[in-house]
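Right after this note come the structures.
Shared between the two complexes below is chain A, which has chain B as its partner in the first and chain C in the second.
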Partner chain A sequence: MSNFKDHSKELIEQNLKTLGGTPYVYHCHHFNLFHDQTVEDALGQAEAFTVRSRAAQKMATQLIGNLIQSSGASNPVERLQLAKALFAWMGQGGLDLLVDGSGGKVRGDALHYSFAWREKYGSKVKRSAPIDAFAAGFAAAATELAFDLPSGSLAASESACYACREPFCDLDVATASGDAPALDAVSVDEDVIMKHVVQPGTGLEESRIAQITQGLNEFLLGVDGDQRGLVQGFGIFITRHLSGYYDQTAYDTIHMIEKTAPQATAAVEELFGESGHVCVFNTFGNLLLSPEWEGMVGPVKGEVEEIVTSCAAIARALGFGHWTVEELKPGERLVMRSTSNYEFPFYLENYGRSDKSRCYFFANASRAFMQLAHRVDWPSKPELTQDLYQELFKGDVGWQTEETLCRCKGDDCCEVVVTKK
Partner chain B sequence: MEKEMTDSRPEAPVCGSDPSVLLSDLARDSACCRDLNWRCDLTSEAEPDALAEALVEQGWTVRCRHMNLMVFRHPHGHEIAWVTSTGRVQIRVALEIDREARPHRAVEIFEMLSLALRQACLRNSKRS
Partner chain C sequence: MNSDFLKQAVEDVPSIKAVFITAMPDCLLFGSWLRADSSWSEDQVATYFGDLFRANREGLKALGSWSSEMQVTIESPDNLVILHELSSDFVCACVFERSAALGMVRLHTQRLLERIRGSLPTFEAEERPRGVRVLEFLNRYAPDPHAVLLRVSLRTKLPMELISSPEQLSPSQVSQVEETACGILGLPSLNI
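Let's turn to the complex of A and B:
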């Protein structure tokens, strides 16, 4: 099994995607690095690696397990081959799993996180801590499933990392220590999603948004990786990633901070929110400037309504959920709603109701829509450099965002209001 | 770097009796990684099928064909995306190429595209 398109399913009305029954989304390396950096900033590198690898292990167990079942892979060799091919199809890089029932060695080549880190920061920053926690958790899950071991009985660490200027990444899979966190998060699948989402609504420019979403989905299905398991789509370095990984790492981190250092909670929430800016600037922005967009929709004119509704379409196509534009006053105000997204179903299923809004990504991505719509000179086809990102998003962004309604609080939908400061 | 690329550009291809330059200069395009994407424009009409045929003869494959867009992929992972409705071309250097080598590789791909255009034009003029 090397083509997993047949196992990818669109929950079309909700604009969510599943792979082997497990929710997934498209995210680029800028977002991935920023998200994981936020976990590191909050918890420290060693603790963050554990949280990230165990979240990856939990989510990968669901995904690989379902695909083993549906493919009929019956022995360790077939199961490990499936896991390796799956990892590459997700754009996570190459894994060579030299493992048996007690664990073993895993060689990683061009792993997404370390490759991307070195690409983005390698010429400026020296890193000493390994970064491939997602690959480690995935490798541990694959080994457990290949040899029918109990979930969570193994754990993986990284002894050599490409981000630390090693030629390859080396992961060690071994019996989990007694203090390893249990893999007790509840898996989110299609049934769980449908339990928490509500009937999709319609907003402004619905037909335009739906039409563009459909076109983008067709392009996304055609995206495939290179021999090393790295994926470029629309000229962007992307992954098909498990949304449960983002959810669990973000919410576990925030909950730990809420308990241990409540005064720092707002700062950590703000950082997870900033990942929405990072994603919209890099992924949405480059997608709007891509030849695929120009061929399908036409060159971007730069009108505020055009940019915001285009961004809503992109969010849907990437599997972020059914986002609608409820109200838009250029220069003043944007109201976005979502009846589904990849944040609240996980939250409700794992933590229950919250007394505050929890869709950090949705809230801040919406703010970034307004910033892109008002501050980027689209007709000049600008290069979306990190200098431009700093100019647009560091300091006073000029827009405030508030998630006024949230399914996590028991509201009928999630609603974000972005207003000019 | 921009200057060097302009200097190293191959002779601009011309189509039959029309002396107009088909390809504009190569310039950086927006990309998620530095120097990965490059742009030029086909400033005169080129026959999509003839260009596709010439690129396929060079070893490129047609990865995507849309009403207004063609994307070709090289065996080494590079891509050429051509918006046939606007003439925009994006050259995408494969991600595995080291940062320092990307500009040079983009020029090489640009040269391959120029050669394919010449072949396509030649083929067209013979047919007509």
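Let's turn to the complex of A and C:
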């Protein structure tokens, strides 16, 4: 099986995507690295690797398991081949699974996290801890499923990592130790999503947003990886990634900080929110400046309404949910709503109702919309460099964002209000 | 330093584009002169050249060949830069057009440095709190400067209010912050 497109499903009205029944989204390497770096900052590199790899293992078990079932792959060789092809289709890189029923070795070549880390940070800082926790968890899940082993019975570690200047990545899959975290998160599937989302609403420029979303959906589904298993375009490495991985790693980390070091809660929440800025600047921004966008929508004029509604369309196409623009006063205020996104269904299903808003990505991505709409000279087609990012997002961004309504608190929808400071 | 003085000091120096005087050990801009068409950030340049000079000094000391008379010459595609230690408290960077002959540049630099040296104040340098210097260093070199203070807060579990006022950090908190800075930069120690 190599044509995974046929197993990708759009929950059209909710603008969410599933692959083999497992929710997925598109995120770039800037976001992925920043997200995982925050988990590392909070937990320390060793514990973070365990938390991330076990979250990856849990979510990958659902994905690979469903695809094995639907494809009829019946023996270990077929199942491992399927896992390898799937990993590459997701833009996660190349995996060579040399495993049997007791585990084994996995060679990673051009793995998304370590490859992108070295591209982005390698010339600036030296890394000594391995980074490919997602690949490790994925490999452990693939091995368990290939040999019909109980879920969570294996665990994987990384003994050599490209980010640490090794030529390849080496992963070791072995029996999980007694203290390995259980894979007890509840998987989110279409039924769970539909249980928590509400009837989609409409906002400003609905027909424009819907039309662009449809075009982008078709374009994104056709994007294929290269021989390395990486998807490179618009100056970024993009992945089709399991949203449950982001959700579990972020929420478990935030809860741990809330419990053990409440004085650092503001920092961890702000950093997970910051990844929303990182994503919008790099992925949304580069998409808006791409020839593909120009061909599909036309050149970007740089009007505030145009940028914000375009961003809402991009969010929907990337599988972030049904985001609507409720109110927009250029220079003053933006109100965004979502009746579905990839954050709250996971939260409600796994942790129950919260006493505060929990859609960190939605809240901060909305703020980044306003910053991009007001501060970037789009007609001049600027290069979206990290220097420009610092100029726009370092220090006081100039916009305040607040998630005033959240499904996690029991509200009817999620609502973010962005106001000029 | 009075900018009129530097303006006068460079008057007869051909091909010169800028002069930056950095106060050590904090690598802060003490004085500068730039040609009118320049858009360089004086503070930034002075700070990075201060760091560069300090690293160079430590490197040469490790080789056992350091002398206060040494200078650093950088030949970049657009500029010719000469860094020279004026005293233990000051480093001077002179930036020339790339087309200028190196021999002439050295000669003029020597004269210019003598003029500047004579007008520098003598004082007992007072070091700012180490916590302040650690965070400034981190801000200059961390890979994601927009988020670095939040990262320090999260890694140390010290509240942001405290990280934002590093002069108030206790000695043990400074050590924690310094260890975190090393971790973020992937360095065994900070050269500050």
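Keep in mind that, in the parts below, the second predicted complex is superposed on the first by the 417 of 421 C-alpha atoms of A that agree within 3 Å, B and C clash if a C-alpha of one lies under 4 Å from a C-alpha of the other, contacts with A are read in each partner's own complex, and residues count from 1 in each chain.
Here is the rule we use: a contact is a pair of C-beta atoms (placed from the backbone, for glycine too) under 8 Å apart; a residue touches a chain by one contact, two chains touch by 3 or more.
Quick caveat, the model's predicted, so the values are computed rather than measured.
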item: Partner chain(s) touched by A:232 [first = chain B, second = chain C, both, neither]; value: first
item: Partner chain in contact with A:263 - chain B first, chain C second, else both or neither; value: second
item: Which superposed partner A:128 touches (first chain B, second chain C, both, neither); value: second
item: Between chain B and chain C, more extensive residue contact with chain A; value: B
item: Which superposed partner A:27 touches (first chain B, second chain C, both, neither); value: neither
item: First (chain B), second (chain C), both or neither touched by A:384; value: first
item: Chain B versus chain C as contact partner of A:41, first or second or both or neither; value: second
item: Touching both chain B and chain C, residues of chain A; value: 120
item: Chain C-facing residues of chain A, complex; value: 34, 37-38, 41-42, 120-121, 124-128, 257, 261, 263-264, 266-268, 270-271, 274, 389-390, 393-395
item: Complex contact set, residues of chain B against chain A; value: 28-33, 36-37, 39, 63-64, 66-69, 71, 77, 79, 81-86, 88-90, 92, 94-96, 99
item: Touch list for chain A against partner chain B, complex; value: 28-30, 110, 119-120, 123, 219, 222, 226-228, 230, 232, 235-237, 282-283, 285-286, 289-292, 294-296, 298-299, 381-384
item: In the complex with chain A, residue positions of chain C that touch it; value: 141, 143-147, 150-151, 153-155, 157-160, 184-187
